[in-house]
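Multiple structures are listed underneath, in structure tokens.
Two complexes, one shared chain (chain A), two partners (chain B, chain C).
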Partner chain A sequence: MSEVPRFWRESRHRYRLVGTRCTNCDTLYFPPRVICPTCRRESVGKMKEEEMSGAGEIYSFTVVHDGLEQFKMQIPYVMALVKMKEGPFLTAQIVDCSPEEVKIGTKVTATLRKVRSEGKAGIIQYGYKFTICP
Partner chain B sequence: MRDVYILGVGTTKFGELWDLSLRELASEAGLKAIMDAGIYAEDVDALYGANTSGGQFVDQEQIAALIADYSGITELNIPSIRIEAGSASGGAALMQAYLAVKSGQYSTVVVGGVEKMTDVPSEVATEIIGGSLDAEWETFFGATECSIAAMIARRHEFEGKAKRENYAMLPVISHKHASMNDTSHFKNVIKIEDVINASPVAEPLTVFDNAPISDGASALVISADLKKINNASHPIKIKSSSAANDFLSLHDRKSVDSFRAVKKSSDSALSLAGLDIGKIDALEIHDSYSIAALIQLEEILGKDAVKMTEGNDFYFNSSKPLNVSGGLKAHGNPLGTSGLYQAVEATVQLRGKAGQRQVKDPRNFLIHNMGGLGTTSVSTVIGVD
Partner chain C sequence: MSSIVSYGSYIPRFRIRTEEIAKEWGENPENIKSGLFIHSKSVPGPDEDVLTISAEAAKNALRRTDLDKSKIGAIYVGSESHPYAVKPTSSILVEALGLTYDIHSADYEFACKAGTAAMQNVMAMVDSGQIENGMAIGADTSQGAPGDALEYSASAGGTAILIGKNGFADFNATLSFTTDTPDFWRREGEKYPSHGGRFTGEPAYFKHVLTGAKKMMDKMGTKPEDYDYAIFHQPNGKFPTRAAKMLGFNDEQVKDGLLTPYIGNTYSSSMIIGLSAVLDKAESGDRILGVAFGSGAGSDVFDMTVNDRVKSLKRERAKGVMEQVNNPIWIDYATYVKYRGKIIMRGA
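Showing the complex of A and B:
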């Protein structure tokens, strides 16, 4: 089953880490939001898109041993809560390292990677993953 | 407003029930509840059906209509509505049924939950369970519900709030209680080392930190009809029910290792019931993951909760009996059913009919059912007058 529009809609946010800033309270949100959860109606029409740098640090993490079908080939893989330099937190994989290298506080940077695909001949979906800063 | 009572309860066994379909499970539980209440289908004004993911597990939506149909009550045109709130569906349905009766629109309502999870392979079930997360910003990137629980656990330990043993103890307690319950998915007793050393699912969590994938259905008949209440053999009162929500995703919360919605809904339920936590004789909480259970206890009982895991306080014959049913961990976790089974257990205990695992003379139970990890929280106080 093709889900092109569903993933195309989010592509610029996922490819370039584009969030939204509430210009009423000056808070940056990622994933992007239409309404600021603090300012609510005061924020209507005042949410502006903004790209993040990709720099962050690991706030918490886990090594996944029993995962989703789509990610089976990658087991064991590291999932982390990343605190971005600009403030927002996000959920992402940490790649190109052994699980032992991952610690709370480790500095990481975003990289664009293939995330999943719809079967062998299906659409490939891309998005951010993070690597440990040298 | 008027008082609402539980007239009857019914449940199936929980577990891998290969030979029973969703509709058979649901009608078995519903029929048992109606027989226990001593009423007939003509007495029922409405049916609320709780189910989390029937559309994905067995390709079936309109599940309440199906349950009513195969329970043989459709000739009566009884309104039958499904309630979905992730794994809090059961608690949410109980709350809606309670409010419907309390409001005066309906006098007697059947509320039932059913989930048929074992018709799909376990990886598919893991994917479906992950449906309670944010599909676009968590699951898309490889997160499972257990991986989110694991990240809560890691940060919680890092903050120095509890040790591994504190939450590893909770499955041990649930298994002990489940061993004394005939309808349990698991009846084996385990030790704390078994939990810590079992095969990892998402580190630091192992298979024993996770509730199982189970089939099962449970149902209750609730009513405000004085005549029916007087006829019922052991009417038990629903004293309050209250819900609260938090951000869907962990990454959007101000604190990742606390559940503020749990604090809100439990405080509100206690206040509506006119009770403080000291007057609660036993708790049934949503131990889908051991760490989630510990954090619920911190929210409901306060700071002492962590220390209490180090003693015997939480056993059925001790000071604060916890998950005397066996909990979701060991009695089983058929998602949409779990919150209703908690209410069945509370009722059976308050009637004094829980056999070997009977809590001594309980007057009030607090049951807490949760959708995802702290996203949807429903607390209900069930007691004797």
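Showing the complex of A and C:
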């Protein structure tokens, strides 16, 4: 089944790291949430979209040697938990580097890349990945 | 009068040396290096394409200005390697850059001068008052057939030029020169382009570049020595160097905008990535001549002067061209053909 509608609904979040901030408790969530899990009904109508800066650091990571078919060309590649400057954690691929260059605490910055495509004729899904800051 | 408000470029980090390609095809790399004047070229990563390259170039341009993004009324992307045959790169960029939805957008094609054709359209819209600011992008991930001479030069990169009023570099004039010349083409559905070999030189590149530059200098009453910098379309290192000499420009005027020897021919970004490198260092009062060429064939020529507002330009907020040129990840030929989709994978 095509993922076009889901991809389209999430595109701005994936392209620009747009999350939602609960203006009741001032917590930023990514992926975006409709209500704050802490403030619950108090947050209704108080969740505001907010774009993150793209700056973060590696909290933890793993090196993938046996990847998904679509990532076969990129193995070995690094998947990391990135702690964003604004607070949220997210899982993402670290690109344009060898696994030896990646360390816990390494500063990274978001970059827009192709994530996957639905075959040669299908839609191309773009989203965030990260590169190491010089 | 329209002017450059900001600019930014992006060059993929992966690079391959001329020696790596030459050894696979039994060529003498020294002949290639001295003949084409190309030492290495950029290669897009397996997850990079014209959209991602355009986005990074545009983000670099936006970082250098405090302009409110809602004031950008047009975005045009010139390329001959758009990711989709039908589905604009420019509309994806509107979302990826967080621009207003009340925006003119379109994709342009004219071989290597699609990006400068986009610049001319944005200039006209700014000059006519239809928009306050607009962004023109030239980007490509061009392919050369394995073993073809183009394989040494066809590279990847992109440049975004933000045009509006009260920018730091004024457009004094622009003009174009166009003829029906079949020097280089790619039929719909074909993976690799074809070219007319030596025919790409005199009747195509040199005729259009030299004529365009001469017409501009006639129009403006200028001579080569009136310009501090001259940038020419650079399909290789040899053509622009020879064109500059034939017109009467010296090496000092040309060297800062000549990047093909190190990153190859970035096609729709070719001249404007040279312009971007020049803008990285240009000072108030500097006069710049830029001549783009597109096969098929035509030239777009720009006469520009940097003004005092360059002193408040925030160049340091984004990586300059040479900073990116000097940050390579070297790859071998096997990795190159894998990344460029030149080997048949299961399910492909």
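Going forward, the second predicted complex is superposed on the first by the 133 of 134 C-alpha atoms of A that agree within 3 Å, B and C clash if a C-alpha of one lies under 4 Å from a C-alpha of the other, contacts with A are read in each partner's own complex, and residues count from 1 in each chain.
Definition applied: contacts are C-beta pairs under 8 Å (C-beta built on N, C-alpha and C of every residue); 3 or more make two chains touch, one makes a residue touch a chain.
Remember, predicted model here, so these are calculated numbers, not experimental data.
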Which partner does A:Q74 reach: the first (chain B), the second (chain C), both, or neither? both
Quick check on the superposed pair: does A:F130 touch chain B, chain C, both, or neither? Answer first, second, both or neither. neither
On the A-aligned overlay, A:F61 touches which partner chain: chain B = first, chain C = second, or both, or neither? first
Using the touch definition from the top, say if A:I104 reaches chain B (first), chain C (second), both or neither. first
Return first, second, both or neither, reflecting whether A:V115 touches chain B, chain C, both chains, or no partner chain. both
Is chain A touched at more residues by chain B or by chain C? B
If we overlay the two complexes on their shared chain A, which of chain B and chain C does A:S11 touch? Say first, second, both or neither. second
Just chain B (first), just chain C (second), both, or neither: which does A:V95 touch? second
Which parts of chain A are in contact with chain B and also with chain C? 69, 72, 74, 115, 129
Chain C residues touching chain A in their complex are 13-14, 45-49, 51-52, 55-56, 83-84, 92, 95-98, 327, 329, 338-339, 345, 347-348
Contact residues on chain A for chain B in the complex? 10, 31, 37, 59-72, 74, 77, 79-81, 88-93, 99, 104, 115-116, 125, 127-129
For the complex, which residues does chain B have touching chain A? 123-124, 126-127, 130, 134, 136-144, 146-148, 150-152, 154-155, 158, 199-205, 247, 249-252, 256
Chain A contacts chain C in the complex at 11-12, 15-16, 51, 69, 72-74, 95-97, 111-115, 120, 124, 126, 129, 134
